[in-house]
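Note that the chains take the letters A, B, C, D, E and F in the order they are written out, and that residue 1 is the start of every chain.
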Amino acid sequence: MTGLCKINGHTCKNAATVTPNDFFFAALANPCPINNNTLGIAVTLGNVEKVPGFNTLDIYVARIDYAHGGINPPHLHPRVFEVIFVLEGEIEVGFITTANVLMAKQINKGEVFVFPKGLLHYQKNIGKGPAVVIAAFNSQLARTQSVTASLFSATPALPDNVLAKAFHIATPEVENIKSRFAPSS
Amino acid sequence: MTGLCKINGHTCKNAATVTPNDFFFAALANPCPINNNTLGIAVTLGNVEKVPGFNTLDIYVARIDYAHGGINPPHLHPRVFEVIFVLEGEIEVGFITTANVLMAKQINKGEVFVFPKGLLHYQKNIGKGPAVVIAAFNSQLARTQSVTASLFSATPALPDNVLAKAFHIATPEVENIKSRFAPSS
Amino acid sequence: MTGLCKINGHTCKNAATVTPNDFFFAALANPCPINNNTLGIAVTLGNVEKVPGFNTLDIYVARIDYAHGGINPPHLHPRVFEVIFVLEGEIEVGFITTANVLMAKQINKGEVFVFPKGLLHYQKNIGKGPAVVIAAFNSQLARTQSVTASLFSATPALPDNVLAKAFHIATPEVENIKSRFAPSS
Amino acid sequence: MTGLCKINGHTCKNAATVTPNDFFFAALANPCPINNNTLGIAVTLGNVEKVPGFNTLDIYVARIDYAHGGINPPHLHPRVFEVIFVLEGEIEVGFITTANVLMAKQINKGEVFVFPKGLLHYQKNIGKGPAVVIAAFNSQLARTQSVTASLFSATPALPDNVLAKAFHIATPEVENIKSRFAPSS
Amino acid sequence: MTGLCKINGHTCKNAATVTPNDFFFAALANPCPINNNTLGIAVTLGNVEKVPGFNTLDIYVARIDYAHGGINPPHLHPRVFEVIFVLEGEIEVGFITTANVLMAKQINKGEVFVFPKGLLHYQKNIGKGPAVVIAAFNSQLARTQSVTASLFSATPALPDNVLAKAFHIATPEVENIKSRFAPSS
Amino acid sequence: MTGLCKINGHTCKNAATVTPNDFFFAALANPCPINNNTLGIAVTLGNVEKVPGFNTLDIYVARIDYAHGGINPPHLHPRVFEVIFVLEGEIEVGFITTANVLMAKQINKGEVFVFPKGLLHYQKNIGKGPAVVIAAFNSQLARTQSVTASLFSATPALPDNVLAKAFHIATPEVENIKSRFAPSS
């Protein structure tokens, strides 16, 4: 493969310049500081933009740090599944099927759980201290749709009456919830 | 291909018994009565269970009827995109990207819009009368995740504190919204 | 995804410049004038060249207008299937299996039919007035092989003796048929 | 993989009973007698039904024997490409693009030519004696659509007026050509 | 999906009987005792046979325990890549490209390395104590080809002269190496 | 498709400049001279770099010439299977499964054998004269991993102690074998 070609939209390095570091990622080794956000989580991401060797391999990895009581709120990854390994602590995990069944379970240090492709899921730290999971996804550059933020803080905003009907609430309640979301940046 | 084999989990008919009707679907021709539901929509579905010839072709079709003001609330199809053609009326359509941008537009009779794979989207009848769209999806048997129902009426229920944190609301507000959803069946 | 990359050979827009119009196509709303051609059909095509949002989604759409008695002659789409919805009128559709069985059927307004990948198929307006179908295909930029034109008006021309043997006719008959095709442009 | 499962609709052998013969095919070694057909060709086929080891590998092979002047008439393989190697003799090969361009060439013993997926193509023995090619296809069980037979001898028959319009000939000419095809069996 | 169908050769559970445990795997939490083998490693495997929810998700996971100085000898996974996360210790990892370049590196606790599909690779514990990695692979049931065992202890045995030529050694040396491998079972 | 785009990292020719020669490869017609190497084989390769029309078709072809007693030593093609046709002579072929079973067989002129994806395999000329095979692979540009060269002559070199443990031999024996391999270039 010669110099400047692109595969999947990412530059394909000249074979002569590839090094072992192109297949290596160090940043999962360290806790990510958890900002004073209300959710109590922090995510460190290793995708093809950071690990060139992931290109064409349909993989990326992440580390999620949870403060005590931290929650990774309901979200999904379009087209992609996620498998997690608990590095530390005790967490509750759950995903919701298209038949509206919640598949939830407590998982502990050293245990593994898989969230099927494109389904809503969440995690919650239910232990006494912090928790950490290592995650892998089957895509080199998948994205996340955080559904509550998508619904209440998209730009431009979703129409109030769509949200009111969808949640069976009144428009002022919709406005009220919208006001609690920081504008997306 | 002999008699009782299965492809993709669906029975593969003996070639000698295949007829043109296996590639045919009539039910989109007629409006589906809209029950007195609060959303004001009705969906008629033609997937591989109804059209054997769709097997292995990655396609299914649907007709959506909207009452005046009817809303197809925010939902998504895991793994699958949707393209719609407006058969009648004027509707507002929108989907939300993973960068939290709303892509919304009014589309009218005869126009086409595509919702990318696995992203949250909605439609709303904004015309003076009923509206109808014909939809196609790239899977022979895709499912729908209706996110508001998933979050507030799954069985078993999602924990209140997960929803409270995700929506930045208090637990009684969560309970209040849950109470307005009919139990899923 | 940064600015000028290409995916599938098509320019991938900078995410910041994407608009709802990239997922929208208006041209199927209007009848396409049917030239005084002998077949009596006109095709309006919406593929990735016209709808950037189709890129990577394996979809394109079309509208086919048929004059009274109009025929879409036997043709095929290499690698691609086609599903049609009758917008207006009554048409006869058919495809031929590799076991040489004709699967033909009359379909009417609002009905759906699917033509499997890469198989010869045709449509004929058998109603009293004009007819219209909306079609969807599982590729963002599929092409059509119109087999009679391919055989009798390719450039350069197929050898007469190949056609003579294939059709069990004499060379002058081949020349005669060739003469009736306009040169391909 | 346990005993009686099926993959791709074909029985998956118990691993303990697999032998080297499952990956072996002998029948291409010998010329296939050419019946007194008008085309002057004979095809020997090695697909997954004859070579169990081809299952899941997307391959099958064939040997085509051509009498002096023998023609493999215009045909196509839905979804599949074909690559040929000339074992003996001199043949003319050609395929027609969707832009109606004929790509034709003489190829001789030891040479290779590829026919892209799903496009019409033909071969003709143009040497002084018999010719032989070995072919490979990217599917374990692909089929052939012989377009002239499909158009003029399908069961049930294509309507005369569809063929008349497609070939720009009169109905009696259509009937005349149909009469020269043996009924398909 | 109804009861007894199979997908990918594995039983597809009736949706009504699926539980969260089908997406869960506990066995990576505990060290696997390392037998007195000469290599000093032990592998714990979680594939679709143990985690039904992995079916169709193209994933399986493993834990590899290394004794002090333990070596996972050169091997490969046909069709599959492997990404590892160091849970404990310091290991040297390497893979060999098809251009015969060794890509090797020391990786420590918390770091990640990926081995591309189908390439020879090895790991060696170079720390002062035991080491552990968690691995993920992009297939629900991939296998391993341990090349040295494949070459010197297959059943039936590879011919001595093939191995002699391949390793540039004499036949008695081949016999000598073969004698040191336990018969495969 | 316009001028300078790339598909799969390879230049996609402007359709107007494509000729039949882009689908043609002549070099398999002639024996490749066998250098005085110790293995007694020579390989002629036709991949997408030599046959532009192979692009996107997942195919390449090769001719392997074997001197009397010539051996194609154990090797594999990551991600790719290989099917061979014996053009001349008698060869022994074998591949090793991941269950460490050798599937070996003598095959003669005109016979076909398939080596599954990514598995170790070899061929040996066991006839009285030279032998020739024609091979096809399901990738337009697959590579070969020659495992003995990979293990003993990679740059940089694999650690002696890894090889010693893997082959159950002592370090001086490893050094001895390494010394017999020419440095890779």
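Here is the rule we go by: contacts are C-beta pairs under 8 Å (C-beta built on N, C-alpha and C of every residue); 3 or more make two chains touch, one makes a residue touch a chain.
None of these values were measured; they are calculated from a predicted model.
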Notebook entry, point to check: Of all chains present, which has the mean Cα position farthest from that of chain F?
Noted result: B
Check: What's the call on chain E versus chain F, same or different interface residues, using the half cut on shared numbers?
Finding: same
Check: Compared with chain C, which chain's mean CA position is the farthest off?
Finding: E
Next item on the list: Let me have the rounded angstrom distance from the C-alpha centre of chain D over to the C-alpha centre of chain F, please.
Entry: 28
Checklist line | Inter-chain centre distance, chain C versus chain D - centres from mean C-alpha coordinates, in Å | finding: 24
Check: Per the centroid of Cα atoms for each chain, what is the distance between chain A and chain D, given in Å?
Finding: 49
Notebook entry, point to check: Listing for chain C: what residues touch at least two other chains?
Noted result: 6, 94, 99, 104, 116-117
Check: Along chain D, where are the residues that touch chain C in the complex?
Finding: 38-39, 71, 73-74, 76-79, 92, 94, 96, 98-102, 104, 116-120, 122, 124, 143-159, 161-163, 165-169, 173, 177, 180-181, 184
Item checked: chain F partner contacts - residues on chain D that touch it in the complex -> 15, 18-21, 23-26, 28-30, 46, 51, 53-54, 57-59, 61, 81, 83, 85, 87, 94-95, 97, 99, 103-105, 107-117, 134, 136, 138
